[in-house]
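In the two assemblies presented below, subunit A is common to both, partnered first by subunit B and then by subunit C.
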Partner chain A sequence: MHASKPCIAMLIATLCPALMFGGTVSGKVTYTGTPVKQKAIDMSKEPSCAKQHATPVTTETIVTGANNVLENVVVYISAGADDANAPSQAVTFTQKGCQYIPHVIALHTGQELQVVNADQTSHNIHPLAKVNREWNKSQPPGSPNIQEKFDQPEFISVKCNIHPWMHGWFAVLKTSHYSITGDNGGFSLPNLPPGKYTITAWHEDYGTQTQDVTITGNETKSIDFSFKAKAY
Partner chain B sequence: MSKLSQKHLFSAILTFILAAGLGAAKAQDAPDVGPHPSGPEKHMESHIGNLTGHSENAKMDYRRYCAGCHGDLGDGQGENTPWLDPKPRNFTLATFKCRSTLTGTLPTDDDLFNTIGRGLTNSNMPIWNTFTKQQRADLVAYIKTFSPRWEKEKAGDPIKIPAEPPVTIESISHGKALFTKLECWKCHGPQGKGDGPSAATLTDSQDNPIRPYNFAGGKDDSRFKCGSTNADIYKIFITGVDGTPMPSFADVIQPNDAWDLVHFLRTLQVNRHSKENDVLKAAGGKIPAYVEKSEVPASQTENRAAGGTN
Partner chain C sequence: MSGKLFAIVVILIALASAVPIINHTFMGANVALPEDISTHGAEIDKQIDETMIEAGLSFLAAQLVLGFFVWQYAGRKDGVLKNFPGGAKYLVLAAVLLVGAEAIALGAIGTKAWATVYFKPASADALPIQVQAGQFAFYFRYAGPDGKFGGLHPDKIDEGNSNFFGLDPENDVAARDDITSGELVIPVNKEIHLMMHAKDVGHSFYVRELRIQQDFVPGLDLSLHFTATKVGKYEIVCTQLCGLGHYNMKAYLNVMSQDDFDKWLKAQSN
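And then the complex of A and B:
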């Protein structure tokens, strides 16, 4: 045990210099104005899902947190850090309680996607791809995970036709430097070697914003994004 | 005539000859584009049996017979499109309903060739049997010029359809159990009338409303979009109908189970004479409840375990 620790440290230091010495871009995504109110979802047609929710769930097109924080924003490096290889671990997208968990996933082109049905009802997973191949697969309860890949970068809207309120997004990117904002609105893109980068923030309803950042060494650059809420 | 005017005349003639020559050359170079912008200039081929289709040969046919709905650019935005439901196919997306290939893959040349010849019932796409086979093959090639996917990808492999087992009351009964278990009824309705709980909310991939198939309507098979044999119905739920809410069940149904489902679906066509309805009638007109074999629950637990792990 004791002998192996320095070995691992040395291994990390030799294999991943960026991990040790890279720069970081981090910040927060907020909104201004008044976001449109989300609609309550009526799941009474699917009792096995309805009973999983003590309080009615709402649509997730716009999810906000305290202090005008905007959630479900994909912040990624759109120029300067295209990496050729997809990470080997899969990204999981779960259908539970007739909702997509999480609402937005990001994955690298060629990276494996695992779609899990944790419900006692059939779902059909229908990514409405326009650049990639559009497919549509049934997944009854207890079926094995669906494994798929996407070749081209694209923001793909995903739906279940059986349960029309179910809606999510696959953000297929050319980079694995991405971060999706949660309930504190924060994002962090670590391990960036020195260079010039374009950072893009994408939200399914509010669109995209970009900012350029230059990383010179082992530093943390702070940038924030602010979206204007649509009134409708 | 003065020397000067002679010179003038000479240069005028020379200019005229040159201009006429250039004009002629220009007329030869310019393609006959007509009043509309011409389609893509790519060359594509199709192979149907021993026929080879060439896209450039279909240009005039496409413009005369197809562009009114599918549009000059193949984007499904022809001048008739606002009045059509379902909407004409947008060839630039290369997503097709009737395929022999798995969901997400390109159809074979034969699939497109058959669709042109068969037409699409319940839509404004007629049966184009007025075309020769060569014309249809050329049109298949032409359709492939509208999306770059045809240059980058190969068509999917046609699915294998095993020989159909005999129709028995057991296969119908098992088919009914699958219809319930796979939740086909959520859209198609418990009696296959296209009135399931999700039916009213369905939209196609372009967000246009779309109805699930009503098995019970009509007396014949004429309303099946992608062919009306038992094998064609088998094909539909294995391949899915891309661009619509109908998913593929390829990963979740075994070949023999799929045939049982076909046999049951035939009994939903209550007004149609079929071997399935004959078998059902001989069995007293009622589908007995399916009794699961002992190994079925075991394999279900196995699947569930596999589904829970990553």
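And then the complex of A and C:
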């Protein structure tokens, strides 16, 4: 009992600056123009996957929400953040219904990646890495999760060597300050100590945009990104 | 005694081997193959039957003669023959002539079956469909309402975006309405012209019911035509070992009435 008191004190001392002085950058990602219509995916050759989808799923290159919001955008701190250490918890990437769920994941360099096969068919996950080591691994149904790590920051396109329509992305970053936009297009990067930051928004088809932000204390800075949709 | 036993075994093996041949040839072709749903399939089935009969009879005759000689001479103790009676030259000549005659006969009979598929081009009003085989799926492309296929640009292939053929809709107007499908949907009783190419390695297109098996050769554009005569859903399988996912490389052939096909095509365009 005696030993635990200093521990708690130390814990509070460590957490307090983040809780009390941490700034936040948040905002929304939208698009202008008319995005290209996504194509229905024909899974007829893999009945065990096709029957999981009452209506045919479409490609996920451009996923939009109400009020012109753009989903699957990775918003992260590309300069200014000081966090060289990878979080200890793993990031999970699931193959289900012959789709990658989620379509885009972000992870820290050196952070563990867990690839799950939740399907009744074999998959062969193939991240098309150019900077990192490229690999592809077969994963029959019921086999254990594949565990991997990436050493270098890189946006890696991921495909399945068995089901050509499957496509996803790994955003390997040098930071754990990132946020991926969902159906409301919003992002939030909390717990930022005072300082100058470069915020980058990345989209698989529309490219990247950056904005500089200065955090002075316990404040929330609001910034928005807007991408121009391509007709084809 | 053991010689006579061996002769009996040889003859029994020959007779047992003949059972599937007899089954196939005289109990109806559907014992070995499913029902034929193509206009050219009857010729192929006839060819298979004739091959089975010729090869089967030659095989049986050879095995029975072998059995007879074993039975008759296995017990002899008076040494080994130094020379073949009458000399080996004539025997070899006779064998070459016999086998050659059979090969030529089969070829002559088969020419017709082969030629209807390969030498005769598709008729002008055949429905053109492009087939691309790639690891590990087949994709089929229809020209769409404009009746024109867009050009292929292998550098534009983007499978995650369902651009399996490498179309360039941004610059190529003809490509914009092209229809790509993972299922080969065709109208019944209409000639289909398949234009086939491989994206990566060798594959093969096999539909048992159509009596069609055609390899894809990387770098070659191959052409095939057929007419399906029965509505239904059939399996298209890859029969050329093409890599890790070969076992999973298949698609379905969906033969529909002309009305249903038109509806399907319209639905795909939207």
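Here is the rule we use: the second predicted complex is superposed on the first by the 213 of 232 C-alpha atoms of A that agree within 3 Å, B and C clash if a C-alpha of one lies under 4 Å from a C-alpha of the other, contacts with A are read in each partner's own complex, and residues count from 1 in each chain.
What we mean here is this: a residue touches a chain if its C-beta (ideal position, glycine included) is under 8 Å from a C-beta of that chain, and two chains touch if they have at least 3 such contacts.
These figures come from a predicted structure and were not determined experimentally.
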Superposition on subunit A - do subunit B and subunit C clash or fit: clash
Which chain makes contact with more of the residues of subunit A, subunit B or else subunit C? B
Let me test your reading of the model: by the given contact rule, A:K39 touches which partner, first (subunit B), second (subunit C), both or neither? second
Looking at A:N117 after the superposition, I want to know if it touches subunit B, subunit C, both of them or none. Which is it: first, second, both, neither? first
Of the two partner chains, subunit B (first) and subunit C (second), which one does A:F225 touch, if any: first, second, both, or neither? neither
Which partner chains sit in contact with A:G142 here, subunit B, subunit C, both or neither? Use first/second/both/neither. first
So, A:R133: does it touch subunit B (first), subunit C (second), both, or neither? first
A:I162 in the overlay: touching subunit B, subunit C, both, or neither? Say first, second, both or neither. both
Check whether A:T92 is in contact with subunit B, with subunit C, with both or with neither, and answer first, second, both or neither. first
Pick one for A:Y31: touches subunit B only (first), subunit C only (second), both, or neither. neither
Only subunit B stretch among 202-210, 220-228, 256-264 or 274-282 with CA clashes against subunit C is 202-210
Starting from the residues of subunit A touching subunit B, keep only those that also touch subunit C in the other complex, and list them. 45, 121-122, 124, 138, 161-164
In the complex formed with subunit A, which residues of subunit C make contact? 134-138, 159-162, 164, 169-170, 180-183, 243-245, 248-252
Please output the residues of subunit A touching subunit C within their complex, sorted ascending. 39, 41-46, 59, 61, 121-122, 124, 138, 157, 159, 161-168, 231-232
Would you pull the subunit A residues touching subunit B in the complex into a rising list? 45, 90, 92, 114, 116-118, 121-122, 124-126, 128, 130, 133-146, 161-164
Could you list, by residue number, the parts of subunit B that touch subunit A in their complex? 93, 95, 103-105, 181-183, 186-187, 197-198, 201-203, 205, 240, 242-252, 300, 303-304, 306-308, 310
